[in-house]
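Chain nomenclature is as follows: A, B and C, assigned in order of appearance, with residue numbering initiated at 1 for each chain independently.
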Amino acid sequence: MKNPYLPIPMILKKARIETSDRMLRTLELTFRHPEDEEKFRYVPGQFCELSALGKGEAPFGIASSPTEKGSLKFTINKAGLVTTELHRLEEGSEIGIRGPLGNGYPIDLFQGKNLVIIGGGFAFTTLRSLIAYFLHPENRARIKGITVIYGARMPGLLLYKEELLEWEKRDDLRLVTTVDWGDKDWKGKVGLVPNVLEEAAPSAEETYAVICGPPVMIKFTFPKLMALRFPNERIFTSLEKRMKCGIGKCGRCNIGHLYVCKDGPVFSYGQLEKLPKDY
Amino acid sequence: MIQQKLREKAKELLSSKTVDLIIGYGSWTLPLRTTPVFIRAPEGVESLVWNSFCENNLTTYLHKFSRLKVGVVVKGCDARSVTALGLEKRFPNHRPLLIGIPCQRMVDRKKVKKAVKGEILQAVEQGELLLVKGEDFNVTLKREDFLYSVCQVCTHRTPLHADVLIGDPVEESPLVDLHPDVKALEGKSPEERWEFFQKEISRCIRCYACREACPMCYCSECFVDSSRPRWIEKSLSPSDLAFYHIVRAYHQTGRCTGCGACERACPMDIRLTHLTQKLNQEVKGLYGFETGIQPETLPPLSTFNPEDEQEFIK
Amino acid sequence: MKFKLDKKDFENFLKDLMETYDLFAPVQLTEGVSVFKKIDKPEEVNLTQLVPQKSAKEVFFPQSETMFRYEMSENQSPIVSEQKIGRERVLLGARPCDIEAIFIVEKVFIGEDYTDVYFLEKRKKTTIITLACNHPLTTCFCSSTGGGPFRKDGSDLFMIDLGESYLVELLTEKGLAFSKNRFFKEAGSKEIRLVKELEEKAAKKTDSSIPVEGIEKRLDLMVESPFWDRIHEKCIGCGTCTFLCPTCHCFDITDEATNQKGERVRNWDSCLFPIYSLETSGHNPRPTGRERTRQRLMHKFNYYPKNFGRVACVGCGRCILYCPVQFDVREAILYTSSRRTEGRKGKFK
């Protein structure tokens, strides 16, 4: 019987510091054993538990899209014991992985509809997966309009800057990047995400909204979505909670009777309304 | 009698709004026990009791109510905890009002349980007697044979610096030295003492009841929860268990009042007061200091005096 | 199949058992404190304490367990899983409440999606010999949670203390493996009659009045009730109730390592500890005792029932007996009942 607590080995192929404050590092991992790669099937929004053996394990949303074969990408925020180690490891090191875990974004529900994606700061990781997935030629026709609003505090703190530049040039999606404070090189928009959303005013008709960001951003953006008439069942978010096992056994990440690791991390606001405010 | 006076005083304090909240002891569902009660309305004082089962140190709750004006029922040892906490600047808003009750020494419920065969259904105090009833037994015990060991050697039963004293101050016992059980342990060789200690803490389940029951353990991050550096693991290895108890005891040096709340809280009956009694005796011997007696004297381990005994750091 | 086992043969019976099985039974560590442990010598077995502090869940889900070991080498870090146990096991002397609790934990650990292989391995390899409760305590309310002092469900063998001997009933295939045991004598009508008497007496003693029935629906309406503001006040936030509770199953996972070698270990954890839900960012969704006490009671009586159809409480009374401040879960349950607005002894004001 497969032991769900055993990590499979991955190699750190490439590492890149994403932000000017050096706190975010994107890891590109490849599978050590090809048979593991074959068995690994995921959807955007799922996460993995990355093991830095000796230090511990922590959950991270998968930033790469399943359409990007051959490797997995994770963006790590240096904050504690495990993440500091993941920042320290050099290319060629081995990192353990358990996954894919969680429920992922409801891709099937989005079929034939419009999508509004709102991201803030470094919560953008799984949103990158979602966007890359739908921009892929195999999937683009499955949904109609894509609007992306992505904000960070400063230009240096934006993730995936090269990709953002490429996406801006495309005509099959509408991308607005914004910052709270610009700098002398920043030519783009300056403004808080909730206000930019209000300006962009996407129609709520036949549209799903996916929102990921720090609690303060969500607190002010959510009312704007309500004002735009998005019903709770069509607003999705990916929650974070302290996790250990990632498979619904250790009891830690529950919100009411649901587990963020197993029944989430993606929830609709319709679901969250009925649960205790335990997050 | 004291109980009635206590209720009257509590009612007065709440009605006059001198305090917002009174923390005291109430009777509850099991015999030989009381439970902490939190009373806000004057009518609620009827749930206050005073007897030989008021074993908890209620001052451990004070940090939860720092925004309120709190009156807390204290025995001699508990009152000293408040003085010690005051020195550590734990009351920035309102100093708690101490409702002191000179202590008749508390009954060790685990000792009583061992003296009878079967479940105790009822225990009633009658003066110096304890009437204990079970399904198949009905015994009369002498209260003084069943006191907690720290209570037996207590020299500060009258709460010091109490704002209100319910009952008359008691004549304090002369200083006795350590409790005979602890003295016996002291007389053993270091190897025997280490063996005793290892055996006691081998039962530990890391529930931290001792830490939470203790009013002096109030750190927002306890050393056991630190991850960088990770001083100690969470498992039950002998070295982790020893580390936890030894370090916690040393963090109490000069701050512990010897109230015994740690030992009473422990579900595995670990005799923690053997450690605390000895530590307190050492502090008294080396620095002439007893916790919570002088409200102006800082604890010895947070001060340096050139006259301090320095034998141990040569 | 019913047999009689004389108490004078008991130690030898255990000695025999220990040749084939690893025996787990209650051991008295000091007077009044018992835990379930692996037995080295038959004399260690002590069945006098009705409710040992640590429950039988220890046998399937130890407080501290190594999940795997690893050693980093040149090319790879071979991970060696520690899921296998050596010999088959016998769990002897657990009471029906503890056995009921194993099934409650099992529903979480052995799921449709993922299986906790450590728990499963021990579960499959253990024969359960349950001991009935002739003298339940006043704190026992197993009959309110669907259990009972003579409940046989989940047992492979069922033992009843008759004074000079035990009556042993073989219930399952694992139990039938004992049918030829050389210490088992035929049980006569006298023994059967005595069992019936004891069973009737015991059934009257457990508390069936605690209104556990329907508590899930009642708590649905109480998520933001001011009840939680008061009830948590006396809880000091230790882990005693969670560690002693036979159905609590939260755990923490950490790596313990020195240089290149190490192991991943899991240890019991408690939702009542403040750092349990503390996130690295510093945000804590359960910042005070109010949220944590609510979590514990809701999990037992509302969340678990929503997922698995029954409350995660077996009425063993350990949390009542051993709580340092006498938090009484029965009073909390009574308070939620529409029939009473105050506990029997006091008010939650």
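Please note the rule applied: contacts are C-beta pairs under 8 Å (C-beta built on N, C-alpha and C of every residue); 3 or more make two chains touch, one makes a residue touch a chain.
Keep in mind that this is a model prediction, so the values were computed, not measured.
**Q** If I rank A-B and A-C by number of C-beta contact pairs, which comes first?
**A** Result: the pair with more contacts is A-C.
**Q** Find me the chain with the mean Cα position closest to the mean of all the protein Cα atoms on display.
**A** C
**Q** Between chain B and chain C, what distance separates the C-alpha centroids? Give it in angstrom.
**A** About 31 Å separates the centre of chain B from that of chain C.
**Q** Taking the mean of the C-alpha atoms as each chain's centre, how many Å separate chain A from chain B?
**A** 51
**Q** When the C-alpha atoms of chain A and chain C are each averaged to a single point, how far apart are the two points in Å?
**A** Chain A and chain C have C-alpha centres separated by 40 Å.
**Q** So which stretches of chain C touch two or more other chains?
**A** In chain C, residues 252, 254, 269 touch at least two other chains, as defined above.
**Q** Would you please write down the residue numbers of chain A that are in contact with two or more other chains?
**A** Where chain A meets two or more other chains at a single residue, that happens at 80.
**Q** For chain A, which residues are in contact with chain B within the complex?
**A** 80-81
**Q** In their shared complex, at which residues does chain C touch chain A?
**A** Residue list for chain C touching chain A: 67-68, 70, 72, 76-77, 79, 81, 83, 108-109, 111, 113-117, 120, 223, 249-255, 257, 262, 264, 266, 269, 271, 276-281, 283, 285-286, 291, 294-295, 298-299, 302-304, 306-307.
**Q** Enumerate the contact residues on chain B facing chain C in the complex.
**A** 26-30, 33-41, 44, 47, 56, 60-61, 64, 110, 113-114, 118-119, 121, 135, 202-203, 205-209, 211-213, 221, 225, 233-237, 264-265, 267-269
**Q** For chain C, which residues are in contact with chain B within the complex?
**A** Contact set of chain C toward chain B: 29-33, 35, 53-54, 63-64, 135, 137-139, 230, 233-234, 236-240, 243-244, 252, 254, 256, 265, 267, 269-270, 273, 275, 289, 320-322, 324-328, 330-331, 344-347, 349.
**Q** Name, in rising order, each residue of chain A that touches chain C in their complex.
**A** Going through chain A, the ones touching chain C are 1-7, 9, 32, 53-57, 79-80, 83, 94, 96, 215, 240-242, 244-245, 247-252, 254, 256-257, 262, 276-279.
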